[in-house]
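As written, the chains take the letters A, B, C and D, and residue 1 is the first residue of each chain.
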Amino acid sequence: GRPLVLIAGPCAIEEEGLTLRIAEFLKRLTSDLGIGLVFKASYDKANRTSVTSFRGPGIEEGLRILERVKRDFDVPVISDVHDLSQVAPAAEVLDILQIPAFLSRQTDLLVAAGETGRVVNVKKGQFLAPWDMRNAVGKIESTGNRQILLTERGASFGYNNLVTDMRSLVIMRETGCPVIFDATHSVQLPGGAGTSSGGQRQYVGALSRAAVATGIDGLFWEVHENPDKALCDGPNSLPLGDVPKMLKEILAIDAIVKESN
Amino acid sequence: GRPLVLIAGPCAIEEEGLTLRIAEFLKRLTSDLGIGLVFKASYDKANRTSVTSFRGPGIEEGLRILERVKRDFDVPVISDVHDLSQVAPAAEVLDILQIPAFLSRQTDLLVAAGETGRVVNVKKGQFLAPWDMRNAVGKIESTGNRQILLTERGASFGYNNLVTDMRSLVIMRETGCPVIFDATHSVQLPGGAGTSSGGQRQYVGALSRAAVATGIDGLFWEVHENPDKALCDGPNSLPLGDVPKMLKEILAIDAIVKESN
Amino acid sequence: GRPLVLIAGPCAIEEEGLTLRIAEFLKRLTSDLGIGLVFKASYDKANRTSVTSFRGPGIEEGLRILERVKRDFDVPVISDVHDLSQVAPAAEVLDILQIPAFLSRQTDLLVAAGETGRVVNVKKGQFLAPWDMRNAVGKIESTGNRQILLTERGASFGYNNLVTDMRSLVIMRETGCPVIFDATHSVQLPGGAGTSSGGQRQYVGALSRAAVATGIDGLFWEVHENPDKALCDGPNSLPLGDVPKMLKEILAIDAIVKESN
Amino acid sequence: GRPLVLIAGPCAIEEEGLTLRIAEFLKRLTSDLGIGLVFKASYDKANRTSVTSFRGPGIEEGLRILERVKRDFDVPVISDVHDLSQVAPAAEVLDILQIPAFLSRQTDLLVAAGETGRVVNVKKGQFLAPWDMRNAVGKIESTGNRQILLTERGASFGYNNLVTDMRSLVIMRETGCPVIFDATHSVQLPGGAGTSSGGQRQYVGALSRAAVATGIDGLFWEVHENPDKALCDGPNSLPLGDVPKMLKEILAIDAIVKESN
């Protein structure tokens, strides 16, 4: 197998300078380590727990900043599309269109994303079995687009908790699509903080190592210079300073697994 | 408490004649029993398991038929909205705009529905705790609209299965919103039949009686003249002929519960 | 169907006077209402959360008190057996031997209980599917004993929480065995209070009405004169004073359900 | 951290020759790899799905064979205790007394095992949260015995399915006790085959690598010369011939993780 790709960036585009600094840091690190990077940041958080939550700069300004990241650091960019009306403008800039987990069964959105010809990354709904994802794949493939990524980000486990079933990574790989593990959303405690989602940053390392040890294609991390001050998903984001050591350990595991299989 | 309201109709608008016959049957029955009826049918099934599944007549033709039901039988009508672009046309006809469970955290859709001034019925996501629904209520109330219904339709329970936690009906009533139990979707086995969802019609009666015994405001049933030939959700739909006897038993339970509390 | 039987009493035998007063209260109430009573109390709580939890008077003294209840109030008695060594002495006094949920797959205990010829009540393990209980039935029936009751008491739902799947009551009835709903254990939050189990007494009424509305044979309630001072399972026990009104409402629902089916 | 210990052997003692051959194979392999081995085999399967399932040779003959394994191959042995009466004889032979998952809350059994002074391995109940295990630890430590191992073997996830929450390995390590991952029971589908449990042997490798990548102290595998003919737990047992390659890959991961942390 090919070495792991890192998909990383801040949860939301908070402001341009911060976004560029994070991109620069990640680009240098992944170049040094010899692995691929896809930069991730959201221009709009459409399904926050509460109506008063921070949502981001909006699609126009957000795409402008993502385009700058792409050009300045020569790195592909990924972001969510939440509504049919976003697909066309997003596809002009984004290299990968991401379908949020809650929307992973919305046929029209999957088809519209597929029709752009861009790579489509579908996050597995918290309410889906891993084998159900072949239906998401089928919806996109009906457009002739076969560049599809599938991402695990936890399954509902009682209330306000998610569990990562590591079997799902193996099962989704049977579709032939590259499989990504979104470690930072998998440790969310959805709605667990009343009007926001809690998170368990302390398990991101262990779950990431575990997922990579099963044999996956990419790892998805939300990172921030100061997660405790992040305007979105702080409790489950990684401090940028922790990323280099964690990533090196993970690449060592990835090498072992890919050499044996 | 006021007596139960029945929200019922076929899963999808298959063809006009069938839709009208079902509406006529339900109107006569609920009039005879002295309870309220809201007629439900979908003009578009936007999140079917497979891309080849039947989706319905589309929004324009669907709303025309629902408007005819409304006029011919003097009955309020309810249907799903799946995308921002559907909200305005739907609100011209529908008395109640319904937010599908998968979309119950999509802030823009909740707010747009709230802004129409129509009643909004939010189905609880299979991935949400009952207390999380106060955030959905808050999103709609941010528009000044306080006519909100909350509907239970099962919670994720392992893979391809839902469980109805009857506590959720009591917990959601604490928001002050009327609470509906959607019995026919609660017995779905999502994705359980590979490229479609399975269903357990045989438990609709027991679960409906159970939910009504906890004390609720409305019951939601998908019905069909011949469920085994229905183009959508047949395995969990009720045969129209079973409805009268089931409903009478349920109203007797409803009367006991509402008289004591 | 025959009218509901009530299985009730304090979680543990705390002291003889209290035990007799509860039995007298329940006997009078059920006689007045014309339904059957089985008195329940534990002589030993063998699986408490913590090693320092109260356990009861022990088997010898406990059985002496249960025998007195049986004689003084002419009522059958039920209690748990936790170990092979308890089965023979317990069967001398108890009318029904109860297999705790955690032990519902222990073949030797099921067989030993079956061999006494007493009625055996098996609580469904929190980790079992309702259809798995046919295997428990098979183990007891291998002894020739066919007097078997099956009890629902909640299924594991994430961590420190149980959910009652009302379908399970219908499914277990298909074995031909009478089915009991243990409402007070179904609202436990196992381990939820750190070194003890929490409980949600406020849902006992709604869940009991719901279960009875599905059509069951018996209802199991732990009761106490003052649940907040109970030495065991206080958070989920019912105050004795609430029992008469709750029970009357439940019997009205039971009558409707059994008359129609 | 110290390198991983392997706990392995056949599910049940089927016959002496087979048991000795498996022990010899494992002893040679682990010596070559420079890691510790504990030999596991059950003399009695007390909680099989069906009353007609194979149970093993019984405690007397079983302990005789385990004693021979211990002596012939100079390897510590572990087996389950299911009842108070088994603890004393088992402790004469076994180096580690294992508490089955279903019995992990049975206070008397935990205390009796603790009192023998032997190491006690408690399997986490499928119905327990990882933090609940501190209560099991407390029960054993009440005897003064602090040689306690904790084992993950999956958590209930809907019906007839288990999920391994890899966070649980990290959480249980916070007790200070060594943590074992039982990979072969974690892939059981309990009761999933009607009158026996199904299993998913194909995920043992991925889950084992994942667990080791989180950082654990031991790995538990049931193995057999011919799993498809095993009298117990065949569907989830590993073929002996697959063990060397799988184990080498796992030890490489273990080395990386233990060197970094």
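Basically, contacts are C-beta pairs under 8 Å (C-beta built on N, C-alpha and C of every residue); 3 or more make two chains touch, one makes a residue touch a chain.
Just so you know, these numbers come straight off a predicted model, no measurement behind them.
Enquirer: Between A-D and B-D, name the chain pair that shares the greater number of C-beta pairs in contact.
Expert: A-D
Enquirer: Compute the centre of every chain as the mean of its C-alpha atoms, then state which one is farthest from the centre of chain C.
Expert: Most distant chain from chain C: A.
Enquirer: Distance-wise, how many Å sit between the C-alpha centres of chain A and chain B, to the nearest whole number?
Expert: Taking the mean C-alpha position of each chain, the two centres sit 33 Å apart.
Enquirer: For chain A and chain D, what's the span in angstrom between their mean Cα positions?
Expert: About 36 Å, centre to centre.
Enquirer: State, to the nearest whole Å, the distance from the C-alpha centre of chain B to the C-alpha centre of chain D.
Expert: Chain B and chain D have C-alpha centres separated by 48 Å.
Enquirer: Can you list the residues of chain A that touch 2 or more other chains?
Expert: In chain A, the residues touching two or more other chains are 155, 157, 159.
Enquirer: Show me the residue ranges of chain D that touch chain B in the complex, using the header's touch definition.
Expert: Counting only chain D, the residues touching chain B are 157-159, 161.
Enquirer: Which stretch or stretches of chain D touch chain A in the complex?
Expert: Of all residues in chain D, those touching chain A are 155, 157, 163-167, 169-170, 187, 200, 202-203, 206-207, 209-215, 245, 249, 252-253, 256-257, 260.
Enquirer: Going by the contact rule set out above, which residues of chain D touch chain C in the complex?
Expert: Residues in contact with chain C: 46-51, 55, 82-85, 102-103, 105-108, 110-111, 125-132, 135, 138-139, 142, 155-156, 159-160, 190-191, 195.
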